[in-house]
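Each of the two complexes below includes chain A, the first together with chain B, the second together with chain C.
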Partner chain A sequence: MNSLSHYTDWTVGHVHSGTLGWVAMIIFGAIYTLVPQLAGREAMAWPRAIEWHFWLAVLGTLVYVVAMWNAGITQGLMWRAYDANGALSYSFLQSVQAMAPYYLLRAIGGAMFLTGAVLCTLNCRATLRQTRARDLAHDRPLAAQPAE
Partner chain B sequence: MVLRLHYNLEKLSMGLVGAIIVAASIGGLVEIAPLFTIDETVEIPADLRPLTPLELAGREIYMREGCYACHSQMIRSLADEIDRYGPYSLASESAYDHPMLWGSKRTGPDLARVGGKYSDAWQVAHLTDPRAVVPASIMPAYPWLMQPLDTSGLAGALAVLARLGVPYDAAMIQGAEADALAQSRPDSAEAEAFRTRHGDRPALRAFDGDPARLTEMDAVVAYLQSLGTQTAAAHLAQEGTAP
Partner chain C sequence: MQASLTTVERRIGIGLAVLLALGGLTIAAAARHGVMAVHGAMALALGLGLVFRLGGALYDVAPAGLDRASRYDDGPTRFGIWMTLTWAMIGMVAGVWVAALLYWPEATPPWPATSFGRLRPVHTTGIIFGFGGNALIATSFWVVQRTSRARLADAVSPWVILIGYNLFCAWAVTGYLMGATQSKEYAEAEWYADLWLVVVWVIYFALYLRTLARRAEPHIYVANWYYMAFILVVAMLHIVNNIALPVSWAGAKSYTVWSGVQDAMIQWWYGHNAVAFFLTAGFLGMLYYFLPVRSGRPIWSYRLSILSFWGIVFFYIWVGSHHLHYTALPYWVQTLGMTFSVMLLVPSWASAGNAIATLNGAWAKVRRRHAALHVRGRRVSTACPRSKARSSRSAR
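On to the complex of A and B.
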């Protein structure tokens, strides 16, 4: 597996499946839990935008990762292909040219993911701007403190 | 019974800390212990020469521009890699590299043995505008490499590498700046002093095509032309491959 995938875009796809699909998703979840609490509200200002963000992130990650997986396996196979005469079938440059559709898909997937993140930022801004002025009840500890 | 044991085990937080330290230490030992015997396991070839000051300056620019992000310098022992790039890389070939630049991604081809593969003029044209010589290339252009080379840090860089075990002597360190200039001026008076300090093997020519100026292009091309030529060890170890 490593002899085929090393040095290729397969690794890039693999890493992004973890970064975008796991780490970033956990962070987004934390943001949507914590930001309303910081703002002293029940929920985010635009609940529908959260749905959009979720699906943009999922589809963006999938498009990106599947493109990179295919790119990597294509590179790995092209680099090691021999023709009937025992010569290498492809120049390195041909493997670069074969990447064009995958890099386009990668850009589209990345753009979808980024659009979701921008939506999240705007949603946070809208939520925090609706913070009620000095809502003291939320600043207090849940349990009574000895000093009080 | 088993659940009860687990329940009690989970309360031993200091035990968990201890177990994590033991587990991590095993991983650390496996990676670190072999380094204590590296002098015996990796034999430095007798003909391995360190980079000249100009080549070292080129290596610094190679790192500054992030070339290693798209180009590897490590040929694996696979038939197709040997056919495409040359004899597979030996650990000893990187003995003087601090840090090593093996890379982990080939958006462009491997460069471990690119030295001598193309002419200086091709390298200059390619770095200035890759599309001028390789129409389908997706490599960025680096036209700003034609700016003058700053050699002021070279003596210090050689001194640091000497402390790390690279065989630069006091004369090489002291003459670093002069040698960087001399290596690109074959007809100058300093060229002789360069040969005295660095021997006959490093290339001595106007890498960017103009001996009157010392540019970053001189340094990068000198470095690229040195790749794979610092020792013949890999060619000798893998017979049937001409250096």
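On to the complex of A and C.
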């Protein structure tokens, strides 16, 4: 199976399922936890923008990853298709041309993810601009130690 | 930045900024033209900017020592989150742009800097190092203080780490646009940027250890294990993969000391473990702090989280060769990498299962995320008697 997917866009889809779906998601989760606390507030300035960001990120990731999985399998199958005489059925260029719809979908999925990230950035800006003094008795070091 | 520093620390900061400016001037003067001269000028400008910023605030009221020591140092985290979001914008715009170029290759503008080959590493470096790296550093400062119940060991080095790290990212990305590259995927930055990152990384590791050493908790919480594995192994990978001989001390071009299939193997030992220890171990550290905090529940199995830690650390380091299937790499090395990749399913699914089991019983909070916000909010508001005093964008 690896010989089908190796060197294809399957790998690109695989990497982005990890980076968009795991790394970026957990970063945004941490940001939505930290930013209100850094601003001394109870919540982000625009709670509904978080919902929009979440669904844009989920849908963007799905569109991206599904497009790349299909692109990878298509490439793998086209590269190893032979005709009755044992010659390759497709030229490499044909396999590149077949990628057009997947590459368009990939750009759309990525743009959706980017839109969500822009919302997050503006939301963080709006939240941090209204920073209040924060003094939490439980959120302190146990013992005051001078800086070294 | 300057608001959380004492007068002595501001003086130290000015001294370091002057050193940075002089270093930048030396690099620019030695190189005279080309990529390295631009990078020297960038360091010079940053150093001068910091001198003016700190110098202008040198005699402002300094924080009282005991009061400062009884709080966590969150200014660097705040700055790090800003840089995370800045790099998210740069890296993601570059990503969408190159994705569009693949669909409309004829839309490539006629300038070399906007060609696919130069923008693609801007996307990968901007996201992995700019977005991911700043998020890791910013959250690690937050997490190590909370889980150790201790303030960061000193006030200057967090800023040195974050500013220095972002200078590395800016050097890398601007270098690609000007055509400078080591041609090693995810390690394209040239030799002097790599050396600079080593300095920053050693300061980072030292600060992390010094902060853990002054912890008030008896136990080192598992998130810190993951963060430390991330810092330590990334240092090891970065140094070994980037050993290179510069053509001249005054130019960006260098050649790696590794050659042939060994070069390929070391590159993918680095490349895959950048995924393993940068994008997985570090972020698992983030997960093991923020998931229990947000769901209000302890980790389902703490023992499993430690078992997964050793599983991931031990298995992951072997799998790089699966990037070199069907190449001149000896077959047994390919098989070894493939086998360890399959075995890696166990600790990675164990981590994911542990996370999901932690959420079990808290799914209502996931469905109604506002509820989770309110749980935290209540704790916050009882502890904080509605202080309306607005700090002047504290700690920046």
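The working rule: the second predicted complex is superposed on the first by the 132 of 148 C-alpha atoms of A that agree within 3 Å, B and C clash if a C-alpha of one lies under 4 Å from a C-alpha of the other, contacts with A are read in each partner's own complex, and residues count from 1 in each chain.
In the analysis below, a contact is a pair of C-beta atoms (placed from the backbone, for glycine too) under 8 Å apart; a residue touches a chain by one contact, two chains touch by 3 or more.
Predicted model, so just to flag it, every value in this text is computed and none were measured.
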Per the contact definition in the header, classify A:L88: touching chain B only (first), chain C only (second), both, or neither.
first
Scan A:Q97 for contacts with chain B and chain C and give back first, second, both or neither.
first
Per the contact definition in the header, classify A:W79: touching chain B only (first), chain C only (second), both, or neither.
first
In the overlay, work out which of chain B or chain C sits against more residues of chain A.
C
Contacts of A:S3 with chain B and chain C, given as first, second, both or neither:
both
On chain A, which stretch or stretches are contacted by chain B in one complex as well as by chain C in the other?
3, 6
Could you pull out which chain B residues touch chain A in their complex?
72, 76, 78-81, 83-84, 103-110, 134, 136-138
Using the touch definition from the top, list the residues of chain C that touch chain A in their complex.
6, 9, 65-66, 68-72, 74, 77-78, 81, 84-85, 88-89, 92-93, 95-96, 99-100, 102-103, 127-128, 131-132, 135, 138-139, 142, 145-146, 149-151, 153-155, 210, 214, 216-217, 275, 279, 283, 286-287, 290, 293-294, 325-326, 338, 369-370, 373-374, 376-377, 379-381, 383-384, 387-391, 393-394
Quick one: which bits of chain A touch chain C in the complex? Just the residue numbers, please.
2-3, 6, 15, 18-19, 22-24, 26-27, 29-31, 33-38, 40, 42-43, 47, 50-51, 99-100, 103-104, 106-107, 110-111, 113-114, 117-118, 120-121, 124, 128-148
Considering only the defined contacts, which chain A positions touch chain B in the complex?
3, 6-9, 11-12, 75, 79-82, 88, 92-93, 96-97
